[in-house]
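Please go over the structures that come below.
Each of the two complexes below includes chain A, the first together with chain B, the second together with chain C.
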Partner chain A sequence: MEPVLVTGVGAVTCHGTGVPALRDAMDRARAVQPDKVPDPWARMELPLMYLVPEPALGTEAGDAPGRATSFAVRAAREALAGAGLAREGLPAGRTAVVLGTCMGAIGDRERDRAPAEQNPPPEQDPPAGPAAPHTWRPDFEVASRLAAELGVTGPVSSTSNACAASGFALATAADMIRCGEADVVVTGGADAYSRIALANFNRLGAVDAHGCRPFAAGRAGTVFGEGAGILVLESAVHAAARRARPLAEIGESGWSCDAGHPTAPEESGEQIVRALREALDRSSVAPGEVGCVIPHGTGTRLNDRVESAALREVFAREAAVPPLYSLKALVGHTGGAAAGLAAVAATLIAGRGSVPPNVPVGAPDPRCDVPLPTARTPLTGTAVLVNAYAFGGNNISLVVREAVAC
Partner chain B sequence: MRAAETTVRTDVLISGLGTALAGVSGPGALLDPPDTALGTDPVDALRGPGLRYKDRATKLALCAARDALADAGLLGTDGDLTVDGADFGVVVSSNWGNVDTVCDASATIRRSTYKATSPMLLPNTASNVTASWVAITHGLRGANVTLTNGPTSGLDAVHWARTLIAAGRLRRALVIGVEPVNEPVRHLVGDAEPLFDGAVALVAEAADAVRDRGGTPLARIGRYARAGDPARALAAVRDDEDTPPDAWWLPERPLPPATAGTTAPAGVPAYDLSARHGRCSGALGVLQCVAATAELTRTASRSMLATAGQGSTGGGPGEDDAAAALVLHRMPAPAGGGPS
Partner chain C sequence: MLTHRHELRDVVVTGVAAVVPGPGAPPGAWFDADAELGPRGHKYLPAGARYLLAAGRRALRCATTPEQVPPERRGLVVGTNNGLAPLFRDMDRTVVAAGAERLRPALAPYFAVNVLAGRLAAEQCLKGFSCTLTTSGVAGVEALQTAVRALVLGRADLVVVVAVEDRSAEAVAAGEPGEEGAVALVLEPRAAAERRGAPVRGTLRAACAFVPPGADAPDGDLGLAVGDLLSAVQSEPAAPVHPVLDTSPRGRAVAALLGAPARKAAAARAGCLTPLLSAAEPFTAHGGQRVVVTATAPGHLAAVHVLAAEPRETPSGGLRAESTA
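The block that comes next holds the complex of A and B.
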C-alpha cells in the first residue's frame, strides 16, 4: 500500500510557537511550573495549567478567531511552510483538513460571558444561561476556521474523541490518503484553556499541584496544557511529484474501545493491548523494531499503571520495553492536541535518530516499571509508537517511522 | 473531487433502523405528519441504572440504538448483543449534544465553585459521552467516533462508518444522529422555528457480515462527496449516474434557486425532513438515511439522494462551511423472486 508521508510539522505549546521551540525544550528537558490561569471565574482549588505564552490568556481581541483556533492556524502555517506548500499550492479538491479537539471553542465561549478584565466580587451572580447566539462558537469551528484559512472547503472533519481526538484525526487522515480520497491532509489537534475541563479535574481530585509527572511515584493527577500539533500528511506519489522531502512515514493505527466505564480505563488493559498490537500488526512492524514509545501517560494514577502493564505485555518477548518519551511531563496534557503533538515529537525523534532526555519528575513508580531515561539515548528501532486514550475508553495507537526518501 | 465509493473494497449495507422521536412510531413513519397520540417522550421508557446521570442526548441515543440493533436482529431476548462486539463500532453525530451539561456545569462553578458540581455528571461534559455510553451499554468495543461537523455531520457519520468497515477496522457500526432540545439549545439556536428533539440510528454492516449471520440487508450505502457547495457535492456524487434518484432529501434550508435548478434532476420528489421534524442540525444526515432506507424497503424505489449543508453563505466559518451528498441504493431482489 502506498506510504503516507509526513512532509511538514507545526507546534504551539507552553514553550512558545514553532517546532524549534518545542525541540529546544525537548533537548533541555527541564520541568516548568504550571501557570495559574488568569480567569476570575476559575473558582477551583488548583487553577493550574501550562498556558501558551502568546497571546496571554484573556488578552485576545474580541473579534479574534478563538484561542484553540489561533493555535491550530499558527501550527498549520508552520507545517505547510515546512512542507513547501503554499495555500495556492494545495491541490484543489484533493486537500482535506481533519482536526481533533476536546474542548473546541468552549473556553472562548466561557470567557465571552465574563471578560477577564472584569473581576466581580464573589457574591455577584454570574450571568444566567449560555452565551448570546452571536457569540456562539460551536466545537467544529476550530476545524472549520482552519480549513477556511487554508481555502479548503470540501473534506473537512472535526473529530471529538475527547483527549484522544487528534489520534483519531491523524489515523483518519492517513486512511483518507490510503483509500484515495485525498492527496494532502492537514491534520492534528488543538486545545486551549477551558474552565469546565479544569474544574472537572479539580472535582475529581485529578490535578497535581506540583506539575505533570507521569509514571512518578508521587504523581497526583495531571496538569492540562494548551497547544496545537499539526502535521501535513501527503501521499508518497504526490510528495514525489513535487520532490518534497519526507520527515517521517505515518504507519497504520489500532483502534479500540473499552466499553467499560465513562472515565476510568479498564484495569485489565485488554483493549489498550489490542490497539497497540493492531497498530503494529497492520504496519507490519515487529515489537523489536519499536525504538521509542510516546505514551498517553497523563500522571493520573490508574491510567499510567494500566498503560505500563499494557506495554509490558506487548513487549513481553523483547529484552525490555523500549524507552518511553513522556512528552506530557514537558508540555502538560494538551487534551485533544496531545496525540498531534506526540506525533510531531515522534517525527522529530525518527528524524534525529535519538530519544530526547525525559524531564525528571521524581522517583519512578515501581508499579509502572517502564524505562524513562533522563539522558539522550539512540533510537534503536525504526518505529516510534504513539498512544492516545480518552474518556469513554477510546484507545488508539499509531506508528510513526523513518521515512524513505521519495 | 473523487467521490468516495470508487475506493471501497467491500459493500457496506444498512441492516437495521431505529428512531427515538416523540410522535413518530418508527422509521416508516418519518414522512407522516407527527402523530400526537404517540407524543410521549421516548426516554420515558428507558430503564436501568445510572439514568439520572445521563444527559438527554445520551438517553435519546440509547433509545434509538436499542431499536436499531433489535431491528437488525442483533439483540437476543435478554437484550444482549448476539454478535461479537470487538469489531462493532459506534459513530455519533451531534452538534448540540451535551451543551446543556456544559452550560449547567459552567453556571454551577461560577455560582458555587467547582465543589458544587457532581462527579457523576462530569463525564457528560466530554463531547464523546453519548458514543461512550452506547458502547458501554451494548459492549461495542470497536472504533468509537464522535463527529461534530456542523450541518453535514450526519452524512459524514454515515460515510465514516462505511469507510471504517471498508478499511477493515470494523465489521459493523452503529451510526447515531442525535440532537436534544433544552433551554441552552433554544437559547443558542433561537426559537424562530421548531427544533428536532430526538435520535435516529442505523446499523451498517459489511456485506459478508450480514450474509454470514443470515441478516436482512435493507439498503446499500453508495457514493458520498463533501465539497464547498451543494452543486459540487452533487456533481461529484452523481458524476457517472445516468438515471435520476427516486427521491431527493433536502438540506436544512431550501437550496438557492440557481443551485437547485442546475443540480436537481427534473421531476424528482423532494423531501424536507427539517420542515416535518424541526431543525435537525447534526442529526439530519442520519435521519435522511433512516427515512430513505425505510422508503427503499417499502416502495419500488431504486436509489435515494441525501444532501446536507449549504456551504459558506456569508455566515462565516463555523456556521455552515460545506455541503455533502450521499446515495443509498435498493438491495437487489434475492434470486428467485421478490420485488424488483
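The block that comes next holds the complex of A and C.
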C-alpha cells in the first residue's frame, strides 16, 4: 500500500506552545512539579495536573472556542505551517480531521456552570413553541471546531477511546489515506482540565502526589497533563506532487481489546502483546528494527508492570528491549492527547536519530526491568513504537519510522 | 471524491436490533432493565451502558452463533454524543457539593465515555478491538464506516456497531429534543458470513463529510459535499432519500438541496441515534432500500445507503425486538 507520511507536527504541553518548546524540554529532561488546579470547586484530595501555561486556566474569554479546542487549533496551525500547507493548499473534499479526545469540551461545560446551577430544580420538558436557535454546544465538539477553524471540507471525526483516543485517531487517519478516502489528514489529540476526570481519578486512588513517575519503584499513580499533539499525515503521492519534505512515515497499527475489567489491564498482557505484534507484522518491521519504544507508561503500578512484561515478551528474541522514552514523565498523562504527543516525539526521535534522555524519576522498579536511559542514546533501529492503552481495555500500538524522501 | 480506491471486501449486515422508547414513553422509565438484561449484573451500569448492552446482545443473537468467529476477530465500534451525559452532570454536582470522596467507585471509570462499551465487549468477548466515536450527530454513521474500513483492512471478521444515546439535560434545556436508546448492527464480510451460515440481511454503504457552519450557499462547498455524499453511497436504481435534519440554517440548507424528499424529513435530535435508527428500519420493518442523509449545526454531514432483504424471524429474536414499552 501507498506509504503514509508525516509532513508536519505541532505540540502544546505544560512546557508551552510549539514543537521547539517540547524538543527543548526533551533535551533538558528535567521534571517539573504538577500545578494545583486553580478551580475553587475542585474538591478532591490531590487537585494536581500539569497545566498548559497560556492561557492560565480560568482566564479564557467567555466566547473563546474552548480550552482543548484552543490547544488543538494552535498545534494544528503549527503542524500545517511546518508542512507548508496554507488554508488554500488543503485539497477540497480530500482533507480530513480525525481528532482524539477523552474529555472533549466537558471541562469548559463544568466551568460554564455557575455554582448556583449545580443544584437546579428538577428537569422539565422544554417549553412548547419554536426551538431555540441551536445554541447548544455538544460535549465532544473539539474536532468540529478545529475543522471549522481550519476551513476543512472533508471527513471530520472525533475519537474518544479515553487515554488511547489519539492512538486510534492516528491509526484511523492513516487507514483513511490507505483506503483512498483522503489525501491529507490533520490528526492527533487534545485534552484539557476536567473536574470530573480528575475527581474520579482521585476517587480511584490513582493520582501520585509526587508527580508522574512511570516505571519508578515508588510510583503511586499518574498525574494528568493538558496538551495537544497534532500531525499532518499525507499520502506519498500528494506529498511528492507538491515536493513536501517528509519528517517520518506512519506505519501500520495493531488494535486489541482486553474485554475484561473496566480499568485494570489484563495481567497476562495477552492482548497488549497481540497489538504490539500486529503493528510490527502489518508494518513488516522486525523487532530488531525497533530503535525506541514510547510506552503508554502512566505511573500506575499494575499498568507499567504489565506493559514492561509485554515488551519483554515481544522482544524476547532480541538481545534486549530497545530503549524506552518515557514521555509522560516530562509532560504528564495527557489523556486523549497522549498518543498524539507520543507520535510527535517519535517523529522527532526518528528525524534526529537519537533517543533523548529520560527524565529521572527515582529508583527504577525491578519488576518492570525495561531500559530507561537518562543519557541521550543513538537510535539503533529505523522504527519507533508508540503504545497507547485505555480504560475499557482499549489497546493500540503504532509504528513510526524514518521517512524515505519523496 | 469519497469513493475508495481499492477493491472492497463485500460487507453484509447479519444482525440488527433497536432498543428505543415507544411513542410518548416517559424519559428513562420505558426501559425495564430486569426484563431486558436479567435480574443481576446491571445495578452499577449507567443507563446508556444498559441500552448498549441490550441492543448489542439482541443484534448478536440476530446474527446467530457469532461465537463461531474467534474472539480476537470480533470488534466493536460505538457512536455516541450524550450516552453518559446525565452521569457527567451528576458527577460534577457531587464533586462541587460534597467532594470527590462522595463519588461512587463503581461508576468512577465512566468519566471516560468509552467505558460504556466495556460490558458488552467483556461479555461477548469482543477482543478484536473496541473504538468509540463522538462526532456530533454523525458518530453512528461514522461507526458504520469505521467498521467497514476495519473489515476491509482485515482487522476483524465481525464487527458490532452500536449508536447509543441518553437524555442530555443541557441539550433539552436549549430546546434540542433528547434521544434515548440504542441501535446495533452486526457487519461481516459476505464470504465469511455465508461460510458460517449467518443470515445475510442486506448491505450498506456509508460516507461522511464536513462543511464549516455558515457555508450554506447551495452553489458552494455545501452543494458539492451533498452531491459527493449521495454519489458515494447511491446505486442504480436510485433509492429514496430519508433526510434526518434539524431546523438549524444547515438543516434548512440541506433540506433545500435535497428538494422534495426533505419535506418528509425526520427531526434530527441532540445525538447520533436517529440517523442510524432510520438506516436500520428497512432491516427491522419490511425490507427495501433507502438513503439516509443527515446534517448537523456544527457542520457534519453523513449519508448511508441500505439495501435490506425482507426480514425473517430468527428463533432467538432480534429483528423486531424494539422495546415499545
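The rule we apply is simple: the second predicted complex is superposed on the first by the 379 of 406 C-alpha atoms of A that agree within 3 Å, B and C clash if a C-alpha of one lies under 4 Å from a C-alpha of the other, contacts with A are read in each partner's own complex, and residues count from 1 in each chain.
Everything below uses one rule, namely that contacts are C-beta pairs under 8 Å (C-beta built on N, C-alpha and C of every residue); 3 or more make two chains touch, one makes a residue touch a chain.
Note that the structure is a prediction, hence the values are computed from the model and not measured.
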| item | value |
| --- | --- |
| Side-by-side fit of chain B and chain C on chain A, or clash | clash |
| Chain B versus chain C as contact partner of A:T17, first or second or both or neither | neither |
| Chain B versus chain C as contact partner of A:N303, first or second or both or neither | neither |
| Which superposed partner A:T187 touches (first chain B, second chain C, both, neither) | neither |
| Contacts of A:V97 with chain B and chain C, given as first, second, both or neither | second |
| Set of chain A residues, in rising order, touched by both chain B and chain C | 41, 43-45, 93-94, 102, 104, 106, 110, 125-126, 131, 133, 136, 138-141, 143-145, 147-148, 153-162, 168, 172, 175, 178-181, 195-197, 199-200, 202-204, 255-263, 271, 274, 390-394 |
| Residues of chain A defined as touching chain C within the complex | 41-45, 92-94, 97, 101-104, 106, 109-110, 113, 115, 118-119, 123, 125-127, 131-136, 138-141, 143-145, 147-148, 151-163, 165, 168, 172, 175-176, 178-181, 194-197, 199-200, 202-204, 255-263, 271, 274, 390-394 |
| Chain A-touching residues of chain C, taken from the complex the two chains share | 1-6, 71-72, 75-76, 81-82, 85, 88, 91-93, 95-101, 103, 105, 108-109, 111-115, 117-118, 121-122, 124-136, 139, 142, 146, 149-150, 152-153, 155, 169-177, 207-213, 215, 221, 224-225, 228, 246-248, 270, 297-300 |
| Contact footprint of chain B on chain A as seen in their complex | 41, 43-45, 93-94, 102, 104-106, 110, 114, 125-126, 128-131, 133, 136-141, 143-145, 147-148, 153-162, 168, 172, 175, 178-181, 195-197, 199-200, 202-204, 255-263, 271, 274, 390-394 |
| Complex contact set, residues of chain B against chain A | 1-2, 4, 6-8, 85-86, 89-90, 95, 99, 102-103, 105-107, 109-111, 113-115, 117, 119, 122-123, 125-129, 131-133, 135-136, 138-150, 153, 156, 160, 163, 166-167, 169, 183-184, 187-190, 226-229, 232, 311-312, 317-318, 321-322 |
